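Next come two complexes, and both contain chain A; in the first it sits with chain B, in the second with chain C.
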Partner chain A sequence: MERLRSLLFMPGNNPAMLQAGGVFEADAVILDLEDAVAPREKDAARMLVRAALHTVDYGASRTVVRINTLDTFGHEDIRAIVPAGPQVILLPKVESAAAIHDAVAAMKAVERPGQEPVKLIALIETPCGLAEALAIARADKRVIALALGAEDYTASLGAQRTKVGTEIITARNLLVNAAAAAGIDALDTPFTDVNDEAGLTADTQLAKQLGFKGKLCINPRQIDTVHDVFNPSEAEINWARRVLAAIRQAEAEGTGVVALDGKMIDAPIVSRAQRTLALARLQNPQEVEA
Partner chain B sequence: MKTVEKPAQAGTLESGDILVVVAPATGAQDDIAIELQSLVMAQYGDAIRETIASTMRTQGVTRAVVQATDRGALDCTIRARVLTALARGGVGLEEGAISWNA
Partner chain C sequence: MKNSLGRMLPETVAGFGAVKPFAGAFATTPSGVRKAPRQKTVLPKANKLVDNLEEVFRRIPVRDGMTLSFHHHFRNGDGVVNQVLAVAAKLGLRDLTIALSSVFPVHAPMVELMKSGVVTGLDTDYMSGPVAEAVSQGVLAKPVIFRTHGGRARAIECGDLAVDVAFIAAPAADDYGNINGVQGETACGSLGYAFPDAEYAEVVVAVTDNLQPYPLHPISISQERVDYVVVVDKIGDPKGIVSGTTQITKDPVGLKIAANAAKVIQAAGLIRDGFSFQTGAGGASLATAHFVRKMMKAANVTGSFALGGITGYLVSMLEEGLFRNLIDVQGFDLEAIRSIRDNPRHLEVGAGMYASPFNAGCAVNKLDVVILGATEIDTAFNVNVVTGSDGKIMGGSGGHSDAAAGASVTIVVANLLRGRLPIIVDNVLTVTTPGETVDVLVTERGIAVNPLRPELKEKLVTAGLPVRDIAELKALAEKMAGAPKAPPQGEKIVALVEYRDGTIIDVVRQYKACE
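Our next item is the complex of A and B:
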């Protein structure tokens, strides 16, 4: 199991940031060729990100590159970046399954022989994209997650973006639902006030409650908070252990129906308990061995 | 052998970066003339010059004028900025010749 609790954006044309990306211990670094790079510097950033992928040690962080949309610089980005071996491409402003098909075809065309297939995360940041979220999530098995980009999305709605996020509650729910239906992860939009730690905590807790598995981060200072929220709590770990113990006991006794504290345990609950314990084991291998 | 067609630059003066300006060779010049400024000139000046020159030579460029202002860039950054400057200067890059660790 691989965690994607935190994905940290790093501007693609900034060597100092690209070099330091591995020290923050985010679950993934996103080397950004899109919004963080001015149009006239796209070529320079592309070359710098290639260099970083070949030479910088990102430690346990997965390497993600946010390319430009396919109707702007995206194809040039794919040709330059994919052979350098990032683990994931983050495709922005995805509005249809066709965009995923186009990206995958372009990626396959330039992958080196024997190269691990590069995965995709689809960034959903328009009303059209949200309406097509399930088709996008199911478009190709390379798609490992949907991510929400709420700033562009709310601008498209003509709604004001707030810290509470009432204006994106439907978008969050729909995105999580589509991702779950496709069996992939949902990743939440960044919290943009880097100085408001309490706000970040509350926003991340809400995201977790809604079913998101991780959150985009725009500053290294956000990573610890995001990890703290997405790591399973002691209560969650105890619950998960009890669920699995009840299942084992029922199997031993040959009972068909299993209940815990008066509530029936079915497959999705078992699956959630197993995921919780797997996350806990990643966090602390000794403590959780049951 | 390839030549720089027009003056071009890449990079910035931010910490960890290097600003590289390339220009066509002048007159009878038959080498890569590098004018380098660096905060770490005493320790790394020769190494930076060699990284710049070797990056150009592997692209088939053996005559050019280079002005470089280094702000503590790593080798891979120097290579990336030189390659970008060359491409902007009209040198068609040979993908197969790009080496990041050599």
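Our next item is the complex of A and C:
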């Protein structure tokens, strides 16, 4: 299974960071050609990111490139970057399924023969994008996740962005719902105060509670905290084990309806328990087999 | 001849004498006795206060060829060395040896005095700035003697480094020669590196800008050993002496290395009651303390002591109850000064107690862990902290070799690539700290354990840490950056690198530009 607990942004015009990107053990690195790069440096950054994809070992981190919007430098980005074989393109400011179709067409046109198809994550950061989230999530099977960009979104609303995040609670819920409806993951907006570790923990816990499966990170220092929150806790692992044990026992005994601690176990519960154990196994292959 | 690390050494060196080759970190044992300065007497009503430095020079009297010693607690804010040497030059003195425990950019005026023959010898533990540059270029006829902080104490105690006059920069002093480092505008905290000088020099001079009524309280260096007290306008610049606070690095790679170093300590089973720890003030070293602090809190343990150069970060760990004591030979910031002044659990110790190998036991021997840096490390784990990638002098052991020898687990933290240069080489240009005293190298791309410590390697592997062979890490770096060529070197020996036991571990040759 995939796990994208943490996706670490790094500026596409910073050679030192691009070179070191693999050492932080994020589940994915996002080599950024968009907001981190000034317009007059787009060409240089594009060349640098392409070279990095060819030469730098990002270890266990998946490689994601955030390109520019298709109405600015996005098509040039796709032509230069996709043949270099990133695993995922992060498409910013997606507002419709049509944007996904355009991007996929452009990507297909430049993929090398035999190249593993490059996946897409749609960054939803406008009210229109949020309104179209389900259509975007279902637009193409290359779309593996929706990600929330709350800074631009709240600016569009004219709302003030706060640490507590009351202003984005609906956006978060809608995004998670659309992603779940399409059977893909939802990824949460970054927490922007890199010095506030307690704030990051609380914000990530909230995201996990709402159904997000991972979080965008803007600093390597955030990765361990985000992983700690998204990793299943000991209690969650024990619960999952008991759910699956109860199911096995029911199958052995041939009983139809299964209950655990007085609560009925149905398919979604089993699926959540299986996901929990799969995550736990990724964390610690030995201990979880039981 | 070659020493046990295969380094070519001369048999004798003019101005130094016979060279005793390094034979192993603990292979050389002492055979001599301590040196004693002459007895003296000061009659009742006699006055130790002298009007100015020039008058002190006349009274002692300072003569050609003498060795004058100084301590470096003022770092780049020091004002005493330059004032004293200006007097020496004015009086036409020649052929002096300066025994200054560390040399900083502020000591640039010494270069002219070297050229003019006022200063012909330098004995130090560390140097950076214009003096280091001039020495690398061959300004002195005699090689500089590089010692370790503990080795300097040993050399003074046994007479290898015979000090004629010790000038002690005194943040506070009374008119009878009692000194402390914790009062006054130029307070620097511990005066530990000056303790051996005060104890063993033939003549001791307190130089102060803060004369206090007798008796001074507290007393770090006492009137029994101090012959003269001179008041000058300023002994240093507080801005160069301390920083306001010492910050944890924000460099993400440095933090990654520090987090890995802390995991090594945890995996070695050392986060337990009684834990003892030393770390530096810079980059990944101090950041390691940050992660160790979290682990100690989570495990609810109380350490015994933190040692060495003390920062505000270690002070906060003392005050949180994470350590019972701090053992302080040098303070780095205002918090360290406040703490050593006010907290009886914060101990001031001399360089001998800190790190001398030839006494009845030094504090580094009691260390569980030390975190150290490196400019280069080789596949035998030998570390260079003396010369840079161009072959020029840019540092020195300080307490590096001492703490490495004493600690149960010595961890070197370093970026696998510094700038665009791999940190791991086949042979370091200048061996400072022998590989047998280095246990673990922690980089951002993996951890290497000295093959001499298989049991430690086993623990780190079991804990799931990314342990690699050091040759593998070297290959990884070279794959990214290529293998650097060793810098060219001249013939002339410009410095002898003395190991803490008095043997010679390596030499530094004159700088030669690449063609």
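FYI, the second predicted complex is superposed on the first by the 290 of 290 C-alpha atoms of A that agree within 3 Å, B and C clash if a C-alpha of one lies under 4 Å from a C-alpha of the other, contacts with A are read in each partner's own complex, and residues count from 1 in each chain.
One rule holds in what follows: a residue touches a chain if its C-beta (ideal position, glycine included) is under 8 Å from a C-beta of that chain, and two chains touch if they have at least 3 such contacts.
The structure displayed is predicted, hence computed values, not measured ones.
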Q) First (chain B), second (chain C), both or neither: which does A:Gln19 touch? A) both
For A:Ala105 in the superposed arrangement: first (chain B), second (chain C), both or neither?
neither
Classify the contacts of A:Asn219 with the two partner chains as first (chain B alone), second (chain C alone), both, or neither. second
* To do: Identify the partner contact of A:His54: answer first if only chain B is touched, second if only chain C is, both if each is, neither if none is.
  => first
Max touched-residue count on chain A (chain B vs chain C) belongs to chain B
Check: Touch check for A:Cys128: first (chain B), second (chain C), both, or neither?
Finding: neither
In the overlaid three-chain picture, which partner chain does A:Ala181 touch, first (chain B) or second (chain C), both, or neither? neither
Query: Is A:Ala44 touching the first partner chain B, the second partner chain C, both, or neither of them?
result: first
Shared chain A footprint, chain B vs chain C, residue numbers 19
Within the complex, chain B is touched by chain A residues 13-16, 19, 43-44, 47-48, 50-52, 54-56
Per the touch rule above, chain C residues touching chain A in the complex are 252-253, 255-256, 259, 417, 444-445, 480
Contacts from chain B onto chain A in the complex sit at residues 10-12, 14-17, 73-77, 79-81, 83-84, 87-88, 100-101
The answer for chain A against chain C in the complex is residues 17, 19-20, 23-24, 219-221, 224
